[in-house]
């Protein structure tokens, strides 16, 4: 990467932008534009486009470009935008990533290879190959529940020290490993920015040393995360914890659906809540992902109501 | 799928064609053509293009089309060709599959979704969506070590009965499940053709009811598998077992590399042996996959030599 | 182990004896005696006491001794008896095993350590320590679904060559590994006897080289397994397969229970069928294991009826 | 449980007591007594006997009783003592637990069943059965890396509400789940005391709502954990974090051994450091667990030296 402009910084609250769909499954650009506007209004400091919450795996590259263009246009340069290039291996990721950079992504985030059976050394070369081929900073996304590979602390800090990756989004669910990553990164002169993807422990991860958070739940309400983060930055851990606990009550929406898949449940609950709050026009899921039933939606509305998050009038 | 011509049948020995590469990492079309010629000479009854042994995950769609075209041209219609469309989800698989059908694939094989978190019902819809969108028969590829989803017996037989899939390549390593799949398929009127991907238990799986085998090792030597299969077809299980045991000594080549990844080890051993036998010009691996060291190659050559599989003169 | 008498041999059909219980949860010695008598009448060549099918993990050592004594007494020396000593680690296994040997076990079978986090070298020492401390041949039980450790081919053959273990009961569900174990054992001069625990692929595993089978389902009907094994020994693979396919229809009883645990489902189905056939007086499960519901029992009876396995009058 | 005396409370720093051994593998009571004395001197508020750090799985019940008696005698009633009863299932756990209560344990902690295949309902009955049979409060120990079962939030709070369990030691490595457990426990009126077993994130888990910590590393140095905990109790999160970061540098001792098992590495590093500090006389490991090599020990000493934790003279 040889860009002359300074690398964008991703810290604080950087929500993974959900993908509103019309009932026919095509992209709902109007709702997406409104969503981006709302996120920025509520104070987020960056946008994470085409992540898992954005159902990116279910879209073709043409659709991904289409989505990213709308996000970039709605953002209008107000906050930095990082985009996920989720594909199998380096050659395919590079193809996707180049299109996303061309469409306005200021940084690219990707995972270890999918489907293949690689060693840690091969995973390191995977990131090196991608970084060398794209004209934007690269981030590593550690999400073993989807990739079935855990990115090791030594690997990540080594790649940071080499300048291959600029940061890590950690959705590994392994706080011990994250703490060790923070420490190793400090010891190495802090080459990496470290974001957590776990929206229910942001106060704790901020205490531990996270530089920011990528909370899917912020699609439903981002303001709470911004307050939480500001309190943490000021060292007011009691306030941060109180805000986190309020947010975690909201997170209970993801436990309302019963018997559905992980994708149907998590993103489904977010979309149902966004729809209930009037943020998006439809709760349509990506094709082949099952819809929530009426009971789940009612449970989600009840939680929103309890927390005063339903609109007075829609 | 609405093709007027009868669906091609895949049974017997259907090797997954390896991908010979030049030292610069580009496709070695001359070696690939020679490999296809050899496989057909040795009596295989079909070709499985762009599978795991073919390192398909490491290639872009343009490269996949390029590979498939050479295989199809070299085959010249002598045996049916099925091609893997390995991608994340239905919309992306459909894009890839259509290009492969256009390039000459007579059937398409794909897996459950990658990266996403789906229920069995969603996986079924995934196959239904793909089958409805492509103009070729669809096969399911069950390889949990890579996909991290096991395709259930009920799901597969249901999809077979619906006409969504024509067959299954089972690389699940679960012989109990495969036996149950054979029985359920029989009970349903045999809608599916069932191929095993486990090259060291072909005699046993033939006894159990497999319709054929997809042996990566056949890239090194296919004639043994053809003999094994013919013996099994004639009910000569003693001869089938003896041939399998000879083949399994050859399979020990994959235990010569030490400390490398699964992909480097398995495909690496095949390529090293193919190169030692003069079948391909270089043992180059796909980019980011590590090469075997000299000790591993020497161990592989020793096994080939012991079995009389090295050429008298190269 | 320093016994003067020749080591007992375990091959052919060696069923894991189920544990009949009275409604109050205590051992039903009358049913157990009847079960052993029936197994021997039907032609089994050994008895595997205190295995998983015997719910051994749910019993104290006093109860295990009590169970074993009844089995040994009922057997009256007609076939050899091997007993499971299932405990956490070597010192605890040795305590249990010594009591079982004293109570009449002619061989002991145990697993890799439970709960601990050990290397392969430590697992090897675990077996060595046990073998040195007990006065009976030791067998290794490979059941990763319960132990969460897979015993490797090299480890097992090494322990066999050292004389530490006499055989292996393989319930790993990994036929590729089992085939490699057979080959490595042959290459080493056959120090090990290799039994498969997978009751639905006995024909295939016999072809592959198993010395016998430990079929939980034989508690319901052993005669079929004896016929199957005899056919296989005579090289009549067609007859062996036909018998296996009949047996596998019987095995469908384990798919009748819905939503219960693995132990409730598998052993529960065996006990329900044994009860329906009049082999045991009660289908009571070990304490804390849930009972089957009436629908499951009805489904099991229907399969028995279809196969002509219900008694004319009980 | 029907004890008249009030249930002991376990909160703050409750170290899992390591088991010093003589070179012949027998218990080193002198070192154990010294260790207990030191822990109490450094300010711990309870003792967790016979946990994983205590290598409890490797000892017979007689040895466990012997160990516990020495701990109880050395403690002399100064802090409450909870003891692990690690065994396969309820009947066997009850036998062990009764002996431990008789030997002075004021509470018992155990896990979900080992080896068996149970449902959540069966696991709940497992804890109910044990609690009803012993005369001491019961705690649940959630350590999936060893037990291969995760105890769910709903299950634990239900058991707490029923009075079956008094608390939970969480070594699940799943901070998201722990946060949800804290919240659900609060919502239920706080029936449970919740201890974390993750010694490197105690500051964060204290912020989140842990009632205490069970740090294996406290066997090497407990004073730091006491300072950390006191700071957290006073809401001085900056001081808590600083102390945690110092402790985490000490924790790097567990990364000095290379290529050994989990048990050899973790407990081995603790014992090597305790020996280097003069706390115990020998670093002997339980039988079949491999010893550290000289390089690992040297690396551990270097870290102790850097942190000023080596004695001036031993």
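Here the chain labels run A, B, C and D in written order, and each chain numbers its own residues starting at 1.
Criterion: a contact is a pair of C-beta atoms (placed from the backbone, for glycine too) under 8 Å apart; a residue touches a chain by one contact, two chains touch by 3 or more.
In UniProt terms the chains read A, B, C, D = Dihydrodipicolinate synthase family protein.
Computed from a prediction, not measured in an experiment: that's the story for all the values here.
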Shared interface partners, meaning chains that touch chain B and chain C: none
Most distant chain from chain B, judged by the mean position of its C-alpha atoms: D
Rotation, 0 to 180 degrees and nearest 5, that superposes chain A on copy chain B via CA atoms: 180
Interface composition of copies chain C and chain D: same or different, split at half: same
Approximate Å spacing (C-alpha centroids) for the pair chain C, chain D: 36
Inter-chain centre distance, chain B versus chain D - centres from mean C-alpha coordinates, in Å: 50
Junction residues of chain B, two or more chains touched: none
Touching residues on chain D, where the partner in the complex is chain A: 173-176, 179-180, 183, 198, 200-201, 203-205, 207-208, 235, 237-238, 241, 245, 248-249
Interfacial residue positions of chain A with respect to chain B in the complex: 57-61, 63, 86-92, 95, 111, 113-119, 121-122, 125-126, 129, 145-148, 260-264, 266, 287-290
